[in-house]
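Take a look at the structures below.
Note that chain A is present in both complexes that follow, paired respectively with chain B and with chain C.
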Partner chain A sequence: MKFRGKIVDIACLNHFSRVITTISKLTKTCILRLTPDNLFFVLCGKVANGGVSMWCELSQANFFDEYQMEGMNPEDNEICLEVAPENMSRALKTVQNAKVVKVKLTKKHCPCLTIVAELPTLSSVSRVVTHDIPVDVIPRRLWHEFKEPTVPDFDVIEANLNGEMNLKIETDLVSVTTHFKDLGNPPWGDGASQGSSSSQSRDPEAMAEARVDIRRLQQFLMGQQVNPSKAMCNIVHEKVVHLILLHDDMSLQYFIPAVV
Partner chain B sequence: MDCVVTGGNVKVLAKAVHSLSRIGDDLYVEPQKDGLALRSVNSSRSAYACFLFAPLFFSRYTIPSSYAFRCKMAIKSVQAVFRSLVSLEKTVEKCRIELDDQKNRLTFTLHCKHGLLKTHNLSFQDSESLQAVFDKDSCGNVFRAQPRLLVDTVVHFPPSLEEVTVSVSDDRMWVRNHVEDEAEQSKAMLTELCLAADEFDHFAVQAQNRITFCLKELRSLLVFAESTGLPISMYFDEPGSPVVLSVTDSVLEGNFVLATLSDDPNHCKDNNRRTCTQPPPPPDDFMNDDMDSYLIAMDTSIAPVPSTTGPSTSPLVASTCSKQPAAVSHRSRKRNEEEKGKEGDRTADLNRPPDKKFCSLFFGSVLPPSPQMSTQPITHQNVLASDSEDDTCME
Partner chain C sequence: MCLHFSTTMPLSTQSQAQDEQYVLVASLDNARNLSNILKAISFKDHAIFSATTNGLKVTVEDSKCLQANAFIQAEIFQEFTIREDLVGFQVTLTVLLDCLNIFGGSTAPGVSTALRMCYRGYGYPLTLFLEEGGVVTVCKIKTQEPEEPIDFEFCSSNVTNKVILQSESLKEAFSELDMTSEVLQITMSPSQPYFRLSTFGNSGNAHYDYPKDSDMMELFRCTKTQINRYKMSLLKPTTKALALSCKVSVRIDNRGILSLQYMVRNDDGQICFVEYYCCPDEETDDE
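For the complex of A and B:
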C-alpha cells in the first residue's frame, strides 16, 4: 500500500485545507478513503456521535499536482485509513504559504499520514516542516461500512415543494420561527426514480418536518469553510435531515438524524 | 528608591513584566547598582527569568545607598499597573516607581496625558535574593536569530504543547515536539521543523546535541522579543544543562534560563523507547524522494556524548541566601519530591511545566559542585528497525 500526493498550487492548498478544516469541525475522527481518482472523508452514523454521518468526496485531480497510489491489491485498489481530521487541519493551517506540500503514507513508529511542506525563506535553503499524523489502517473486511450512502427517499419538509422553508425552535417560554421563501427545489440529479415519483404526488404546500439537535446543525453551518457554490437541504419526514454542500470539485454531505 | 521611566520605555518595562508573569507568580524586584533587576522563577524551579534594566534605561535612577533592598510581590498586581499595553502607549508619559519604606509598599505612579495620575500602591514582602547560576559564555552551542524566525517556528506547534526538542548539526537545527508518554506516542501528531544555519545571524555548534525544554517559557520570551525587535540568543550544551535564551541591547538584558531534560536513564526510566538519544536525522531529500523510498526506516545510531552532570544525586541549593540553610534544604527536599511526581505536594498551579521530568535544576550553591559527580555511563540505545514486511503488515 502506497500513497503519495503533491500540491503546488496555493489556491488548491488553501481549498484543500478549508475542506479539511470544515470536516474537523464536524467530527473528531473519520475515515479517509483513497482511490485512484478520489479522496473520501467518511463518517458512519453511530450512536456515539449522535447518529450523524458524513460523506465528503473530493476529486483528486483538482487538488493534487501529482497523485500516486497503490491500494491493498489490484482488485481492491483503495486505501482506508482512520484519521483525526483536526491533526490534518492543524498541519495544513500553518503551511498555507508553502512552495510545495507533499502528503504521503509512511510507516514511522506506526502508520502515519505524513505531511511535508517546504516553506519559502530568505536563505538559499528552504525550511522544511514535517507532520507525522498517526493513522489506523482499516482492514479490507470492514470496507463495506464506508460506501456512499444511498440518498433516502426524501420529502421536502418544514420546507415544501413551493420553495418555502421554516426553521423553528421551541422552548418552554418562547417559540421562534424563521420563514424562508423563494428557495429553489432542484430536481435530484441522477434522479430518475429516487424521489421524483413520490414528490410529484406530494402536495406542494404540505410541509414535512424533522426535528434535529440544533448543536449538530450549528456545528455544520458554523464550521463550514468551503464557500460552496450550492447548498441543499433534503428532509425525510421525521427521520433525517440531509445537508449538501456542492462545489466545482467537491461535495460534502451531512446527515443528521431526527430526534424523537 | 526612586526611578522614573519615560516614553517608549514604559511599554518595554510593561512587556517585561508580562513576559515574567508567564514564568512564575511572584516578581522579585532588586534595585542594584548596575540596574533594576526584575526576576521570576516557576514553582518547580525549572525556569528562571531575569530582566536587568541599566540606569540609562531610566530618566531617573535612585536606589537606596545604605542597604541592599530587595523584595517580592505578586506579579498579578504589577501586571494590573501595566494592564492595557495599547493605552499605555497612547496615554502614559512616564512611570515612577518609589519605595515607601515605612509602609512596605512600592508606589507605581503613571503620569498620563492631560495631567492624569494613576497611582498604584503595591505591598511587598522581603525576600531572599533570587539568582540563578549560569554562564552562557561557556556554552558550546551558540545561536542568534531575529525573533521572527523563532515566532515562525513555534507557530507550527499547538499552544498546548509543553515540551520541544531542539537538535543541531553543523548547519541545521531541528525543532520537534516532544512526546513523553509511551501511550501518547501512537496517537500524537509529531511535528518537526528544520532550519538552516543561514537563517540565523549566528550559528555555532560545538557539540551536536539535542535538548528538550519547555516551550511555554520560550513563548514568554518571544512575547517580549517580538515587540522590541531584539534578536534572541540561545546557548546550550549537553542535555541536562540548562538552555539560556537572551535578548540584549545597550540598556537592558533579559535572560531566560530553562532546565532541560536529562538523558540520565535513572531518571527517565519510561523514556528508553524514545528516540531522544538519536542524533538528528540527515537533511530530508525532499526534492528527490520517490515512491520506493517513502518508508522511513529507523536508524541505529551512535550513542550520544555521555552527560557529565549528575543532577539529582546532590540536590542544588535553591537560594544563595546564607542565613537560612534549614529552609533551603527543606526546599530542596520538596523539589525532589516534586521530581518524583508526588501528587500530594502539588498545588493546582497550571503554569507549571511537568516538573517531575526535569531532572536537572540549575540553581547553584555558593559552594563548588560536589566532586562526587561522575561521568554517566553511555546511555543504552534501543534499536528500532523498520518492519521489512511493510506491505503485508499493513493489512
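For the complex of A and C:
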C-alpha cells in the first residue's frame, strides 16, 4: 500500500485545509478513503454519534499537483484509513505558508499519514516541518461499510413544488417558525430514479417533515469553513434530513436522522 | 429541543381583517431600534410591557430597589395601533431579545430586520413577525400576568439636586470604577466638590470629581449637599444604558432616591429615553 501526494499551490492548500477543518468540526474520527481519482471523508451513522452520517468527496486533481497511490491489490485499488480530522486540521494550519506540502502514508511506530512541509525562511535554506498523524488501516473485509450512501426515495423532488421550507422550534416559552420561499426544487435523478411514479402523484403543496436534533444541525452549519456554490436539503418524511453542499471541486453530504 | 423541518403551503399574508383581532400592532423597519434599547435594560429575565397611545414603556425591576424603564414613543414606530387605553403584559426579556435577533443581528449597512409586533390581549402570546431578505420568521412568545411596577413616587418638585452631563465623561469613570467596592457614593453639592463619585475598594478609596463649570456639565442645579451610597451591584446594569447614551441626567430627591435618565439616539437618529431609579443603601443619612 502506498500513497504520496504533493500540493504546491497555496490556494489549493488553504482550500484543502478548510475542508478538513469543516470535517473536524463534525466528527472526532472518520474514515479517509483514497482512490486513484478521489479522496473521501466518510462517517457512518452510529448510535454513539447520534446516528448522523457524512460523506465528503474531493476530486484529488483539484488539490494535488502530484498524486500516486497503490491500493491493497490491483482489484481493490483503494486505501481506507481511520483518522482524527482534527489532527490533520491542526497540522495543516501550521503549514499555511508552505512552498510545498507532501502528504504520504508511512510506517513509523504505527501507520501514519505524514505531512512534510517546506516553509519559506529569510535565508535560502527552507525550514522543513514534519507532522506524523497516527492512523488505523481499515482491513479490506470492512470496506463495504463505507460505500457512498444510496440516495433515499425523497419526498421533495418535484420541480413544481412551491419551493418553500419551514424551520420550526417549540419550547415552553416560545414557538418560532422561519419561512423560506422561492427556493429551487432541483429535479433529482436521471430518469432511472426510484419512486418517480409515486412522486408525480404527490400534492405539490403537501409537507414533508422531519424532526431532528438541533445541535446536530447547528454543528453542521457552524462548522462550515468553505462557501458552497449550492446548498440543498432533502427530506424523507419523518425519517432523515439530507443536507448537501456542492462546491466546484468538492461535495459534502450530511445525514441527520429524524427523532421520534 | 428539536428542530422541525418541513416544506409547506404558501405563507399567508396579514390582511386588514386579521389586524382587527389585535389590541396592539407596532411595526419597525429596523428591529434594532427596539432591540438595542431593550438590551440596555436586560439585567433580569422578565420585563413588563405597558403600551398607551403615547408609545411603549418596558420596565425591568430588581429586588424592589432598582427599576429600569425604556420609553419608545409611538412616533419611533412606522406603525403603532392600539385599541385600548392601556395594554399590559409580561414576557421573558431574554427570549424576546433572542427573537428580535433571530437573523443574527448583522450590522452590515443596508441590512436590517423588519419587525411587526402584534398582541391579541390577555392570555394570548406576543407574536413577532420578523423579515430579512425575503425570509420571514414568526415567533409566538408566551405572556404572563403583568406585575405592578413599583411607584417610586419620584417627582421633580422633590428633587434636591440635579445635573446633566455628557455621557462621555461618565463612561470613562464607570469603566474604571473599582468593582471591589460594595457601594458607589454620590456627592452632590452647591459647593466643592460639586459632583463626586466615590468608591471604597480593596485597593483604597477613589474619587471622580466633576466641577460645575466643566465642559461636560450641561446643567448644574444643586441646592443642598447630599451624600448617598448605592449598592454597586444594583448600579452595574446602568452601564449598558450609559454606553448607548449621549447625555445623562442625575437627580437625587429628598429621600436619597437616585434617578438616572439616559438620552439614547437610535440607528435613525431618533431620541429615546431610558431611566433608572435606585434606592439608597440603608446605612447612610443625608447631611
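Here is the rule we go by: the second predicted complex is superposed on the first by the 249 of 260 C-alpha atoms of A that agree within 3 Å, B and C clash if a C-alpha of one lies under 4 Å from a C-alpha of the other, contacts with A are read in each partner's own complex, and residues count from 1 in each chain.
Quick note on the criterion: a contact is a pair of C-beta atoms (placed from the backbone, for glycine too) under 8 Å apart; a residue touches a chain by one contact, two chains touch by 3 or more.
Nothing here was measured: the structure is a model prediction, and the numbers come from that model.
Participant: Quick one: classify A:Ala210 as touching chain B (first), chain C (second), both or neither.
Facilitator: second
Participant: Given the touch rule stated above, what does A:Leu221 touch, chain B (first), chain C (second), both, or neither?
Facilitator: neither
Participant: Scan A:Ile10 for contacts with chain B and chain C and give back first, second, both or neither.
Facilitator: Touch partners of A:Ile10: none, neither chain B nor chain C.
Participant: A:His109 contacts which: chain B (first), chain C (second), both, neither?
Facilitator: first
Participant: After superposition on the shared chain, which partner residues are touched by A:His131: those of chain B (first), chain C (second), both, or neither?
Facilitator: first
Participant: With the two structures laid over each other on chain A, which partner does A:Cys233 touch: chain B (first), chain C (second), both, or neither?
Facilitator: second
Participant: Counting only touches as set out at the top, which of chain B and chain C does A:Leu167 meet: first, second, both, neither?
Facilitator: The second partner, chain C, only.
Participant: Between chain B (first) and chain C (second), which, if any, makes contact with A:Gln68: first, second, both or neither?
Facilitator: It touches chain B, and chain C stays clear.
Participant: How about chain A: which of its residues touch chain B in the complex?
Facilitator: Spelled out, the residues of chain A in touch with chain B are 1-2, 4, 68, 72, 87, 90-91, 94-95, 100, 102, 104-111, 116, 118, 121-134, 137, 139-140.
Participant: What does chain C use to touch chain A in their complex?
Facilitator: 1-11, 92, 95, 99, 102, 125, 134-142
Participant: For the complex, give me every residue of chain A touching chain C.
Facilitator: 156, 161-162, 164-182, 205, 207-214, 217, 233, 235, 241, 259
Participant: Give the list of chain B residues in touch with chain A in this complex.
Facilitator: Chain B residues touching chain A: 155-156, 158, 185-196, 198-199, 284, 286, 291, 294-296, 298, 384, 386-387, 390-391, 394-395.
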